[in-house]
Amino acid sequence: MPSLSSMSQSQDIQFDGLYAHELTVSRSENVLLEDAELHLAPATITYLYGENGTGKTSLMRCLTGLLQPDDGKIYWNKKPINHPESGYFQDLIFLAHSLSMKNELTIAENLTFYAQLRCGGSYNNKELQADISQVLTDLGIGGLEGRMFAELSAGQQHKVALARLMLEPAKIWILDEPFVNLDQKTRGWLAAKTLEFKAQGGVVLFTSHHHIDELPVDQKVGVEHE
Amino acid sequence: MPSLSSMSQSQDIQFDGLYAHELTVSRSENVLLEDAELHLAPATITYLYGENGTGKTSLMRCLTGLLQPDDGKIYWNKKPINHPESGYFQDLIFLAHSLSMKNELTIAENLTFYAQLRCGGSYNNKELQADISQVLTDLGIGGLEGRMFAELSAGQQHKVALARLMLEPAKIWILDEPFVNLDQKTRGWLAAKTLEFKAQGGVVLFTSHHHIDELPVDQKVGVEHE
Amino acid sequence: MAKAWRWFHQLGSPKYLFQKTGQWLPWIWGATLILLAVGLYYSLWASPLEARQGQGHTVRIMYIHVPAAALSMVGYIAMAIAAIVGLVWKMKMAFAVVRSIAPAGAAMTFLALFTGSVWGKPTWGTWWEWDARMTSELLLLFLYLGFIALHASFSDRSKADKASAILAIVGVINIPIIYFSVKWWNTLHQGYSVTQKGALAPEFQVPLFTMLAGMYLLFAALVIMRLRAEIILRNQKSRWVMEWATADAKKVTHD
Amino acid sequence: MISTLLKRELKVARRNWIGLAIPLLFFIIVVSLFPFAVSPEAPMLQKLAPGVIWVAALLSMLLSLEQFYRSDFQDGSLEQLLLMSSPTSVAISKIFAHWLLTGLPLVILSPLLGLLMQINYGFEHINHTWVLMLSLMLGTPTLCLLGAVGMSLTLAANRNGLLVSILIIPLYVPVLIFGASTVTASLESLRYNGELAILGAFLMIAIVFAPFASGRALKISVG
Amino acid sequence: MISTLLKRELKVARRNWIGLAIPLLFFIIVVSLFPFAVSPEAPMLQKLAPGVIWVAALLSMLLSLEQFYRSDFQDGSLEQLLLMSSPTSVAISKIFAHWLLTGLPLVILSPLLGLLMQINYGFEHINHTWVLMLSLMLGTPTLCLLGAVGMSLTLAANRNGLLVSILIIPLYVPVLIFGASTVTASLESLRYNGELAILGAFLMIAIVFAPFASGRALKISVG
């Protein structure tokens, strides 16, 4: 593929937010998406739906750059996501199925690590610890900061992963089944926080197999397969 | 605890099905349940609810004998579950959070293994393979028998674990969040199958953080913590 | 130049490559058989025996041993080149080539080790010596086997291709390092002069060079056959493979 | 019961045939490190041979243990197995499969290693090779049995493959000493029956106690 | 960036302090198997010493690799790290942490092992010990760097701890040869500067290429 034409294309992109152009994704020889277009505008919440195995997770992994699409380009604020100036990876939080927390560390240590990784030294440690306590309390697991991650229940572990959303500044959230394993109260909390994030101009993409009453969405995108 | 008195007690038990008597369960020094009584009668569906981290999973692991309770006894059809004559472990299917399938084996091989382990040689292999195909087709993943378990989506993997319920004869199902990650259609399927199982006299205990419209329950048990 | 470039690009198309190699293959096999027949005749019957070292008939092993040893190294280098092409120009067919060379290369390495070992018994009185060449050949076998093992341990083919391509490249950087360190290390303790380059009498040269050419072609033929299988495997879903398969099936039923 | 379990182990291994070859390759490679590191001269190598081959066998068995137990624990299979059959029979089938898939091939391959280490100059010395194989034949099952106990104990500990090494190696040392000295005795044309008998005795003791202990430990790890 | 990553590695390791001790213990145990397996006589041991210590160091580094990479891959941390920093810097911090936590302690501990293997009879021989430490100091980082490449390549492969050994050991051989022969030369009172220089050269080559290759491989594994 000649690189020149794609450069010129990148200047043509008129969309703010995340824009995927002619995306083709396949998994072990099955084509999941072909020439798909997707636009996630700032201050919108997009709900990705589809039956099991249609390719929602695969699409998300492409949008985060973890999976190489067969074809197509992905832009963040008009720049290809891999372009150093796009700042995409600074702006992105991706919560996948695997919770990405270390069993051997405590809740606070896990969260501190990710916050510092994103913000460098700019996040004052004392402030950070106070914020962590605050978020955990909101989530109903206050006081467990020093508990080893492995020694939590399924839902509590999930809550810790969600706490990252509150501790790290970002402009786009990509959440793969974020409501799984959560009790009613926590679902409400997450929905409220998502709406707040949207109100501040954030971009949200999430999947869920259950309808979440508390979360009105702006755009529904279905992934259907054959 | 003198074993005599518990023997005499075991003769006193009047309940068919699963009966837990004066159960005390704790996890890292926190007492989760104290002197709890629980009776799951034949042909009933019991819904176990409670917020995240109240002890639902811990209770289930006690009921399956995997976690040693601090105190209390569990009876299956009036016999302690560890009593060789209770036949409890022949009758029980426990689906936990971890799906207990091997990534390196195909779907069919995984299911065959568990079916043969339970039924010994009595399950004719040809019949078993036909049954597996049938169940997978019902679940919407027909034709994937030969696919490696690792190469499935989250929901597809979950479906494979559920297929065990159809392939292995049992009298009690203990299901920890069986509806997680499933699409609408599959949830309906599972609810219908659970009702069928109940109609045949089966005992069902399950948890879920979402309300499942399709599944009317006979008993609701809440685990509340402090 | 432009023409060569275009040809290079065409080779990247599985269909084109499959058809072309299909055309070449009979010729390559033909030439292989002729050369090997002539070479084997010369080396097994018509060549003189080695008198100086009193090796008798065992010298005939050389005509297999030397080509196999040469090919084992050439094979690995070819693999690494293809791997670079695959990774840098994102050419999928290059990965198929890498994958097809590996088993043939491993077989040649094994053959070199085996013939060398069989030769060593009568000449040196031992099956194995930790001589520089022999040792680095053994390590080369491990590199090949590592490559094959790595490729086989992925269920996702494109991951397998890329990961094992990196290994092939890292391995090729190491081959000279291995060779020289082994040589240096070994001469510290003892030196074997058997493998030193001596003037080879012409009556040994003719059969040796014929065998060399024959074995090179044999190697090419094996790689190409494997490559064609690999192409079919990797393009099962594409239309031309379906057509090719059904056409083939028809041929079979007609026969 | 045990046969179903065994069949599954074999199937997992066959699927992953390369996984079968790997402990073997490791065995060969570790042995061939020594000529590089110590000396490539035949008399020296021959002197080292019994020890090195035995150490390599031990390490290769030790490291393949991980693969045989850890994955069942992590994906929850182990918990299901324990629900459906007795801990001891789970342990027995695991141990047997482990030996069949790594111990036995290693025994079969050992003559080649003997060759690399110059144990065997020609057919007249074939006897040493037999002794080597025999010692491994008696010793490797013991290694599997002891390994199973250590592995089952450490499953629930924070995942750390090396922890099990630390627990087990002291138990392995006697087997190693008698295994290697059997071969050394043979190379020095001494009698080696006594050593073989002791290896046999170790095996008997391990067979009696290890499956039970390993089963109990599995049960505890899952709890 | 790299310092945050490093800090976490150290914290995980500290939490799991036993994990830190284990490669060291393994190192000691493997070395001390040889007096049992081969011969406890001092001249023989001294002859073996450089080779055995180097092989043990190599195996111990190799086996601790697993622990340093696998768990990040499995719990999804690796994918988060790759989202937030460049693959090469992830690789660099992993490699550095790995060396700091297993390579360095091993270097520090090596005099003790020299003592076990009779390298060092008294203070007049202290020089050999220095050479041993120096050779390990230059050699172990190379082992870490090469190991990182192998480990990153095998992360997404069907989990098999030994596969990585097979990939890497052929690459380790040159380091092993020069590492052991540095010490041997010193023990035989020969010059060893050349060997040390070559070890240094290997390290330079590895530093230039390995982090990049390892980063690429990490990216592929996660994809």
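So that you can tell them apart, the chains are marked A, B, C, D and E in the order they are listed, and the count of residues begins at 1 in each.
Going forward, contacts are C-beta pairs under 8 Å (C-beta built on N, C-alpha and C of every residue); 3 or more make two chains touch, one makes a residue touch a chain.
Computed from a prediction, not measured in an experiment: that's the story for all the values here.
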item: Centroid-based (C-alpha) most distant chain relative to chain D; value: A
item: Relative to chain C, chain with the most remote C-alpha centre; value: B
item: B-C against A-E, pair bridged by the larger set of C-beta contacts; value: A-E
item: Centre-of-Cα separation between chain E and chain C, whole angstrom; value: 33
item: Between chain D and chain A, distance of the C-alpha-averaged centres to the nearest whole Å; value: 47
item: Intercentroid distance (Cα basis), chain D paired with chain C, Å; value: 35
item: Shared-contact residues (touching 2 or more other chains) in chain C; value: 142, 145, 149, 153, 155-156, 182, 185
item: Sequence positions of chain E contacting 2 or more other chains; value: 16, 71, 158, 160, 163, 166, 169-170, 173, 177, 223
item: Residues of chain A engaged with two or more neighbouring chains; value: 28, 97, 103-104
item: Residues on chain E engaged by chain C in the complex (per definition of touch); value: 149-150, 153-154, 156-158, 160, 163, 166-167, 169-171, 173-174, 177-178, 181, 198, 202, 205, 209, 213, 216-217, 220-221, 223
item: Contact footprint of chain C on chain D as seen in their complex; value: 16-19, 21-22, 25, 29, 32, 35-36, 39-42, 45, 115-116, 118, 121-122
item: Sites on chain D touched by chain B in the complex; value: 1, 4-5, 7-8, 11-12, 15-16, 71-72, 74-77, 79-85, 222-223
item: Residue ranges of chain C in contact with chain E within the complex; value: 139, 142-143, 145-146, 149-150, 153-156, 159, 162-164, 166-167, 169-171, 173-174, 177-178, 181-182, 185, 188
item: Interface residues, chain E side, partner chain D - complex; value: 16, 18-19, 22-23, 25-26, 29-30, 33-34, 36-39, 44, 47-48, 50-52, 54-55, 58-59, 63-64, 66-67, 71, 158-163, 165-166, 169-170, 173, 176-177, 180
